[in-house]
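Naming follows writing order (A, B, C and D), and every chain is counted from residue 1.
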């Protein structure tokens, strides 16, 4: 079967190219079907791959061609599938397919639809290649490629300054991460002489502990950028400028999890360095907490979901950091479904509200768009970790993992964050669908979205409910056994049922308390959110202003660099270097003007010059060159 | 007691030559300068003759003859140019002839 | 002692005899032809020059025969000098005939006299080239100079012309006096005026001694000074800018080449051949003169607006380059390149420098001045002329593949073969400086817009001359092989 | 040597075209254009034939031609190609054809002269890459200067004369010392072997004393460093680029800069290995400075051409960085960067030319929203923008990554610092792209549903006064037409090659392998 493995990424690529070349003049709306079919095909093709991996636990690989034959730096392009990849294949192509279907409805009538449906499959292609790569450089290539697609799709409505800026910001911030990632690859090559997974992982131990730590951290810098960890997550909220399906696919379900995927992929290296894992855990926890606090204060429905994404990515990160590898991947999978669902739901709301995103102008939409409501509710509940939805199992397991990986502080942070999670999720639900209608009924006529959009919602909702059970019972589910080969030598502490139940109970209580508070606040109105925000004062302002990260970057990095560049250009280039060059020129001219004065025009002086010259020469020779005076 | 030695010729010619040179350097009148040049040539002639006398050859004397001839030609041309000058501008003072400079 | 008259070998002096004949023909033509229509004489002169050039073939130069008791020598060196000056003469006649006849200069300029003077100075230069005796060198140089003094003042109604002539004449006479005084001292300290004998005598004197005796040294320096004046080496160059600027343009063209050639021929004959054994003494002097000269000339040229004056300074700069070749001379191991590069440079210089002046002449014919602005927009007004001027400028700048580059290359080669890398570096630095003012002309021609009135006029002869020189400047570089071989033969000429 | 003198044919067919135009005194403009196009295409065809005749297995010079020219001074007419020069030659011939097509409509004044100059330039550039005799090389090297200076000075924009003169003097001054060095090498070889030759392959055999190598190396290096241009010898480049006509910029960036890198590879390394080793650290430092410096300065440019020019300084830094790491990746990197930079930057200048031809300004703040009416243009622009900022899968990445890797192997810090360019290049390129191709022009009414307007913040662009001296009224992109067939014809091949090299550089690298291996022998040939 490995013979047609290459079709899985190729079909979306083909669709992308066709739509890009012919979309504008020939295909127009037809492009959407080409794209959707291609992605569907690659989804269908990935199923047997998954099944084969599941049945016989052999990894598959297919060599395509040699990319860079630069002496001993020889980079093949080889597709490689193991359990981790297989899982990602299904997630990517599956969610990708649903988003494609959804987009048919969402993007209907947009003049640039052919661009949309060439960028989107291009993204699917890149993401598939990213997970299929068998060496770090190819991984890096498509790491950048997904970044490009995200750039193109965020800037899809490029005539908006905000969209264009957001796209640029996303790409550049990601590049900051890639800077470290790239150096990591260089270091890997210099250390191990190869950058193919097999080769590297085979000889991890050969390097010194510091080297391993440095490599691990460098790889993680890449993840920080791509998976929107502190301090680089600033690009993700802005990325919401893109069409909502894009946010669902790229900025929730797949691309942003690439960082998590890479760390998991680099398990043999990362797991060797306790320091690196600690750093990862801390950064992850911090990210999860900060993002959650911000999410509570946002009014833009998409921004809420976006920050929740950042927060969830933080969960995955510190899961990895504290050794709960499988839990992280598990959460990655469940998160893909419920977060995708949440975004699509939000999109459906926005669609129904005529592109209105501010929750303060919504409310009581429940009766206008019931299907959207229920699906969104499921997603929110899953995200908040209400038993028995998917989010509950994975998140609960992560928190458990932190305890098992004895990181008590992280665990506490995790619980607090979980509380905030349910706060902002249900805040969004109640502000949007309950309470009185705050929109002006003359202009806005809320309506349910068309079938093509709601069906994906339902499918995703179904998974958001069920997918959690692949990880049941906790620590010992089918999913764990499936992924086990990917993380060889990972400790399997056998956990007492009591512990599991205890943790489950705690997180359920937390989740429900959040739900209760928000119900009181936005439905029963017995608590005034404004009152609380005034109570918190500066803390609230801090969160509401996204912890001032953008401003800090602007003042500390952007402006100084621009000033420095101006200095280099205006002073070093124009004054120093060119000044020297022109200085030589003017010096020669000046000398010329001085020397020409010797030419007085007076014969007397001319004769004198001749005589003087003769005398000097003769004199010089008489003194130095002869024995006249002896 | 004092018979003629080659040195006498040489010192005489050297003296004349330097006198001529100084004249050229100091005087401003074209004609005088020209005369000084002629004086220098004469000095050369003397030294040639002197050497010829010393070596008792004819070569030097022939050379001197040629110098005299050429000096004559030079005189013709020089005076011609000076005439043209005076025709253009009524002066023989070289300091007034400095349109071309720098 | 008795002088026995030997029967001279007239065969060896045929080229000179032809020149003399031409001169008589011109004088006769002057008598018979009416004043107002003397265009034909130009053809007479050309015919004479070409015939003389052709007659060079009748002589076997490699034999190095000589006549008049070795006073006149027909060797490869003199052959090369003859070729250069005759070619220069042809080009000069081509570019000047129309200028002299037309009324560019106030007051008439009688064609035949002009040509006669040109012929005389060429004859002088040929004599210098063939000189085997100081006397011949003196006569040749004077013959050339005297003629050129007159030519400089030939526009006798224009004060600047007179002024140039006067300055040139007075300084020239002064320098000749110094030169001939030097000759006297040579004669005094060696007892002969024949160059080969001088070299033997000096060799004998120097045998064993490190330092030359003062008299000989004095003689050497006086000669060097006298000749340095003729080739316009700093600080004996003062006359050059004024004379070039004052003289009628074709004359400037002519006098920028032939007297220089004569001067270098004399230098080579006297210093390299006659005083070769003294070379340790004079090489350094020449090298220093070379550097001072090339930098002074090129630097001062930058601040000139008058193109003729600019070219005058540039010609001073080129003197510096050529001196480098001479400074590469060495007595014991003959470096073929040294004098060879000097000769080749003179050859190359003939084409590009006369060419540059010719374009100025061409512009004056069309009512333009001689300052830089009169070149504005030439690229549009007359693309071909502009192209020719561009070729000359870049060639003078030493940009490949033009002949000027080859000349400079050989000079540098000579310097480096003589292990004087600093001299080579000086040459290229000076060329870099020179690029500035040569480029300025090109900029004016192509980048600036035309201004001033434009008097179209047909000057076939001048155009033809321009074409020859442009083509020569381009082509003779590629095929510089034979020319170079010819130049290299100086070695067997000066049996060093 | 086989019958067909393919190299000479390739080199002189443009010259022949130039002569035809020159002699046909009153040729109509179109005739001149067509003659030029035919001549250039002929040379392109010949270069492709050469590629076909080329034996990829061989490391030495191939298709050599030679005849004795001025033997007594060691000057011979010797041509030949190897895996190093071949790609650059084809790049040259291709770019020349493209430039001629690109100036078809853009140049309306003095077309005859323009085409003559263009063809002379072509012959000079090809000659530089094929000549094996130092003298011949020097001739071609200098011959390139004059037509380029004329092109800038005559057909350039506002401040052209200053730029032309600066370009000419700068580069001439640089190359003159090389002339002395050439002669010195010749002499030194003559003293060693008693053989008078300027043939590079022979001169490489000689062994020169170390201090001799030192100064001769520097003399060569100066000439090449100015051409590349390496910091701090780069200041002629922005002026020249800004003032030159589009085709001029294309050839300047596409080929002339490569002559510097080629010279280093062909002459400095083989002839003076000791000096190369000795100076390597210094040069690596300069390269890193150039890479970062160029990127920073590009960050604040307001003139499109200046921005691309400074980005060139940054990119070309990778060439020297790779070369002087002395390992396989470095050499491959340097070569591929040269090719890729030729394609990408050439294309970027073409694109700038397209918009300049329509909107008559190159000022970034005057432009905007080009994507709306010029979708094809926008696509090309995006592609080359991405290639220039080193997006993997496009040509830029392969070369630069290899160069960085090579540097990282030898000088870790240099590798790390130069890696930072991935951020900076993304920054300035994306900023430019966002301003010019996306958003809206200042001339247009703003977007009503732009949230930016409601909460008016967002990154304020670094606004800098100055830039090109062209007229400045705002441009309304709605009046601009998309690229026409001719322009697509010029851009498409570059795009294709850019993608090809990015996706599968293998064939190109196989072409160079033998030559590069041989080149690296004296340096231990690490990395193979």
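Rule of thumb we're sticking to: a residue touches a chain if its C-beta (ideal position, glycine included) is under 8 Å from a C-beta of that chain, and two chains touch if they have at least 3 such contacts.
Computed from a predicted structure; not experimentally measured.
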Chain pair, A-D or C-D, that carries the greater number of C-beta contacts: A-D
Per Cα centroids, the chain farthest from chain C: A
Averaged-CA centre spacing for the pair chain D and chain A, given as whole angstrom: 36
Centre distance in Å when chain C and chain D are each reduced to the mean of their C-alpha atoms: 44
Intercentroid distance (Cα basis), chain C paired with chain B, Å: 26
For chain A paired with chain B, centre-to-centre distance based on mean C-alpha positions, whole Å: 98
Chain D residues counted as touching two or more neighbouring chains: 169
Sites on chain B at which at least two other chains make contact: 24, 33, 94, 97-101
Chain C, residues touching no fewer than two other chains: 166-167, 170, 174, 178, 241-242, 436
Chains touching one another, given as label pairs in label order: A-B, A-C, A-D, B-C, C-D
Complex contact set, residues of chain D against chain C: 69-73, 110, 113, 135, 138-139, 142-143, 145-146, 150, 153-154, 160-161, 164-165, 168-169, 172-173, 176-177, 179-180, 183-184, 186-187
List of chain A residues in touch with chain B within their complex: 596-597, 599-604, 607-608, 611
Parts of chain B lying in touch with chain C, wherever the complex brings them together: 10, 13, 17, 20, 24, 30, 33-34, 37, 40-41, 43-44, 47-48, 50-51, 54-55, 57-60, 62-63, 66-67, 70, 73-74, 77-78, 80-82, 84-85, 87-89, 94, 97-101
Touch list for chain B against partner chain A, complex: 21, 24-25, 28, 33, 94-95, 97-102
Residue ranges of chain A touching chain D (in the complex, touch as defined): 20, 24, 65-73, 137, 140-142, 144-145, 148, 151, 155, 158-162, 164-165, 167-169, 171-172, 175-176, 178-179, 182-183, 186-187, 189-190, 355, 554, 558, 561-562, 564-566, 568-569, 572-573, 577-578, 581, 585
